[in-house]
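The structures considered in this document are given below.
Consider the two complexes below, in which subunit A is the common component and subunit B and subunit C are the respective partners.
== the complex of A and B ==
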């Protein structure tokens, strides 16, 4: 297990080692390690110099990562009274239905299927032709199909291998109406479903959503798809190898992949995988109705056209279903998943120095029947996840920006405001929205989250905060409904110095940031006073809420 | 182009503007550090044999029917009746255009090639050339690298790269017009209150930057800087129209970028060119017709863009075109012969074109051999030399950095620029 992880981690790291006595920061800069008796055991990461988050902030981080919302006031109170309550709360949170959406976004940032547009002719679908505003919902539904399937397996107590072996998928009514599939579970929203076109039981490898994101062509012969499968499921990026055509013996590409030493190394692995996928061969790759249907009659085309027998890294397989189940048994499969989760939770990619920590998580996952929540909990028990602050030379990403989906759901839960326009979720869209601007992943041109702040990110935080603050004040205070919402305890007639004002402000800050800081509270009170003197108490509360929603301790987790 | 009165107002505001607003007659020479850049990325892999690499020279490679080789102003290129804009552009602009041939990008995967050609690195995190040039800009421009479209890879210089958004969404965020695009009615804060909140938030990030935790400190400092830039930009150019319509032609799409370059708000602008009807350059089928159409569109658009740059004043007092180097490139080339569907597949050698400010015109560095592979090159003379250096994307990047007054050794150690083009 450790060897596999070492291989996986080493494959992703191209950094030169730092000089002795120095450690590499999360930004790739070599800095002197802090002299610390605990670091003297040869740990080059500086993890031993890292202070864990205080329990309330840890609970906040976990709640945002698992549910996408802040802890409730009572949950924070529980943790403040008893720090060990964090684990108890987390247990419950891992059964929260909101975990599904979080997993969709966590894996979406790696699987890159949540794109704004697919390369198909939308007009071929009557539903889209008649109502273009449905197009965004359609795009999201398509891109989320494999992710929803994965999240469903994770949240319904199924072993993780089922993402490859199930004959089910997850589809919303919009796609059930358009695609050759039927609902199994019924009900509204995302439903357990099954394709009716004879495709094999291959889990995500049998979803339209995955293959629409990774299309193929007559000349490509599903090699793109095979490469995607290897990268996403066992973290082996076959495209991540240097080639140079001047060592090609043949001038024809199809000859070269079979005969040239430069090409055989990859294609001897890639082509046998690709040969299992010809049931998804389209006559017209841009036709939705053509590409949403599986073609069993074309299954034989792959081996014939590619001139190879189906196999997964040298292990013969029968067909796509056999490929999927073989991948599920591959010893790299679970470590790859753990590595992807770690990236999403740690705010950085795993490094070779994380090998031991990740190996422990994989062991826990296997011991836990490959139930994904076990891996989440194990990751969250680790020092990297819990890193709160560190001394000089520390390399952990202690400042982890909220992901766009987290900002959206956290703000909505806190204030009631969700920024949508014409049916577009603006923090989840790039055509007219702000997903990439605030550091999110779009999936084609932007394939990694932005770990460092910039002007566009600051602009999005600013306007989201102002809009949400306006909404909260308007719907709670000004509508006379302050009580159970964000502005509980706030009254427009109270001023700084009144115990009720001071308590309400302190409580508001505590609920949003999960930390107490009298100096920061005093600064907020000053802001309130200055604004109130100019524009009145309602605007002053808008200013305070907006300031809190842009606070460095709010926009980080 | 901006109205003169507004340009004057914005110059007077001048927050973070690069360069001096000198009268034309008194303009100073442009130094490499003052040089600006417009990156035009042709996504999908252009066919270098349709313009840059005459296959006629080899005697063995497939020659496009009707194509001939033309030399003009020192540039040698492929001419075809279906692509008159190519000849027109190169004949007119040869005095300020150069080619770089035989750049090796050792992959045939689009994403990997994109990363390689823009950063020189295949793995790990890295800043691309545009981010580096913007990040190293003197005078602290407010939008150092402005990305209208196309790939953008950042690491250390993330905070110096600003995306406009696919339809220029940043513009609405800056001005507050974004509030009008909401299903639920929203109103912003009064201006003075907004400023008070901004100041409060900035102070909070400043305080966060004081901690000993190096990661927290660094990120908080960057956020504080971003907030200040945001405030300065709104003050200096709050009504600057940065909106984009991705459905229109590239010369129209690039207007916000050219405005930002003209005003000194940006040092680098980036835009993607997808050829005719935004179809993309990845022509695995019907290569001849599609590449002809794409090159015709590209060079027609470049004509318009260069004319636009010629007409605009630059921050240093002369023409903007004297200050801006237009970098036109693609992530890969295409095989020098057709496949079974009359298309061309991916090729690990490509060319790039540099036009405009600071470019010694009529020069070609590097070349291709009879098989279409890149040849070695003498970096000092640009002459193909099989005993010379095999050009890689790192040499491409080193050349761009040198053009921009950035020491290449700091980013591509051990790699020399093609000094003949600098």
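== the complex of A and C ==
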């Protein structure tokens, strides 16, 4: 297992490989590989100097990573009283239905299917064309299909290999009405579904959502899709291979891919994979009916046009279903998944020095019947996940920015505020919204979360904080409704020094930041008093809540 | 002699027979009762009743068998729906212009409003671009349609045309007709009958003649999949007066596991079917139904 991981890590799992004996750091620098003998002894990553997070902050990090929301007051109290309660709480959170959405975003940051535009637009469907408010929902429904299938496998106690072998998918009613598929589970929202167009059982490799994101053309012949499958499922990025094309000369490109040394290095792998995918060949890639339907009568075209027999890295396969099940058995498959999860949870790409830690997670995953929550728990038990502070020169990511989805759901759960407009979720869209400005992944031009803060991020935090604070105060203090309960126990007549005010302020800060600091609480009370003197208590509470929601300790995990 | 020659030349793989069958010198798989029955040349039969063709290949034990009768039923079901021909599609296309108004959807018989489409006060909704081309002269009648379009009628029924359809007929002086056509794409019409009413994904073409006395001499290539139906693909299938039935290969797909069977026809409407690398028995193509459908090409 370690050898496999070393290969994946040395390849950067998506980045250009470093010279032999070296590995790439989060900063993109190639450094000599750490060996077991001196890991922790002059470790260039600085992991050895890292101190773990305090239990309440760790619980907050886990809750945000698993559920996308802050721990409740009672959960924080439990951890404060008994730090070991973190593990118990995490165990329960891993069964929380909100894990599905988090997995969608964790994998979405790598799979890049949550894009804002596909070759087919919502308005090309006649039943949607007059409703522009459906655009965001349509794009997310399409792009999330493979991610929802993966999340469903993960959260329903199925072995992870089923993402490649199931004949089911996940679709919302919006797409069930448009595509050749039928609901199996019934109900509302994302449903267990099955295509009715004869496509083979190949899990994510038989989803429209994946292939709409990675389209092909008559000359590309599904090679883009094959390359995506290799990158996403076994972390082999063929585009990282260094080639020179100087010697191609006048050779016909279709001949060159079979004969030129510069080409066959990739195409000998790529084309046999691509040959299994021709059932997804649309006659016109911009045609909805052609693109959302599988075409069994075209399955033979791949091997014929590419001049190869179907295979996965040299292993012959029968067809797309055979390709998918062969990938599921590939020893690189589970390590690749673990690497993708680590990238999301750690706030950085895995490094060569992480090999032992990741190998332990893969071992746990295999021992746990390939159930993904086992891998999540094992990753969260590791020192890198729990890193909280470090000495000078340390290179660990100890404070990880909330991804846009985490900020969105955490703020909504805490304050009741959801930032949407005309059907667009403004923290989850870039056609109308701020997803990339917030450091998120748009999937085409932006393919990795922003790993350091910027002015645009700060500007969006400010707007979100102000709007959410306004909503919470207006709802709970001015209208007197229960709302999200952020300001429960306090009223507009309370002032600093009143037990109800002081308790509410302390509790507010604790719940939002999972950290106690009397000096910071006093500073907030001063802020409240200064603003209240000029604009009254309601505005003062807006200022305090907004300040907390913009606090670096709130927007990080 | 021909099969033997082809085998020597490496043109045809010796397909193993199913368990309980043996291959005769003529290359036919017959049930093996005993070495001196079944009309087979015992000297040509392998020692084992199950011939693996000497390749070591054979049926995958993990694959459910597909009986010839089931293959034939699947084939008949799709042929019964009808291979997609332009006739019904063209009529439906012209029909949706009953609801056209100036600039919506465009000049006859194009859709010129692009991907955003248009709608009419009477309740017709047209989406997507479409380019229709037709002509007639010197005995040639032709039309072609390239569309990524839908047309929803006021009663809610929908015509879907996603692809390219082309058809050309040339009537010669002797009354025979030269036909060329292809249908590629996804098509459906809630008001339609047969393949169009069912909807189908298709990529197939034909070229050949219809003699003055109504005999088809066509070569068909490509396949189609009726919605929720069995995919069928013809590989260089020749229907002609030179010999009865047809010559070529018909591929039939089992949807439950996406595996294909092949039926080899040689001047016959029946031929040996191969599934999972094993010859499983004889399957017949309903030539009368297929021919009847193809003759609709001329109902323009």
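The rule we apply is simple: the second predicted complex is superposed on the first by the 515 of 557 C-alpha atoms of A that agree within 3 Å, B and C clash if a C-alpha of one lies under 4 Å from a C-alpha of the other, contacts with A are read in each partner's own complex, and residues count from 1 in each chain.
Note that a residue touches a chain if its C-beta (ideal position, glycine included) is under 8 Å from a C-beta of that chain, and two chains touch if they have at least 3 such contacts.
From a predicted model like this one, the values you see are computed outputs, not experimental measurements.
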Partners on subunit A (subunit B, subunit C) - clash or fit: fit
Which of subunit B and subunit C A:284 touches, first, second, both or neither: second
Contacts of A:54 with subunit B and subunit C, given as first, second, both or neither: neither
Which of subunit B and subunit C A:121 touches, first, second, both or neither: second
Touching partner for A:176 - first (subunit B), second (subunit C), both, neither: neither
Subunit B versus subunit C as contact partner of A:242, first or second or both or neither: first
First (subunit B), second (subunit C), both or neither touched by A:455: first
Touched partner set for A:321, first subunit B, second subunit C, both or neither: second
Where the C-alpha centre of subunit A sits as vertex, the angle toward subunit B and subunit C in the overlay (nearest 10 degrees): 90
Least Cα gap, in Å, left between subunit B and subunit C after the two complexes are fitted on chain A: 13
Touching residues on subunit A, where the partner in the complex is subunit C: 121, 123-126, 129, 180, 196-201, 283-284, 286-290, 293-300, 318-321
Contacting residues of subunit C [partner subunit A, same complex]: 115-117, 125, 127-128, 148, 150, 152, 158, 160, 162-164, 184-188, 201-204, 222-225, 227-228, 231-233, 251, 253, 255, 257-260
Contacting residues of subunit A [partner subunit B, same complex]: 12-15, 25-28, 31, 116, 217-220, 227, 239-246, 251-254, 389-399, 417-422, 426, 430-434, 436-437, 445-448, 450-460, 462-463, 466-467, 469-471, 520, 523-524, 527, 530-531, 534-535, 539, 542-543, 546-547, 550-553
Contacting residues of subunit B [partner subunit A, same complex]: 104, 106-109, 111-112, 121-125, 142-143, 150-152, 154-156, 158-163, 165-167, 169-170, 173-174, 176, 178-179, 181-184, 186-190, 192-194, 196-198, 200-201, 203-205, 208, 211-216, 218-220, 222-223, 226-227, 229-230, 233, 284-285, 335, 337, 339-341, 343, 345, 347-349, 371, 373
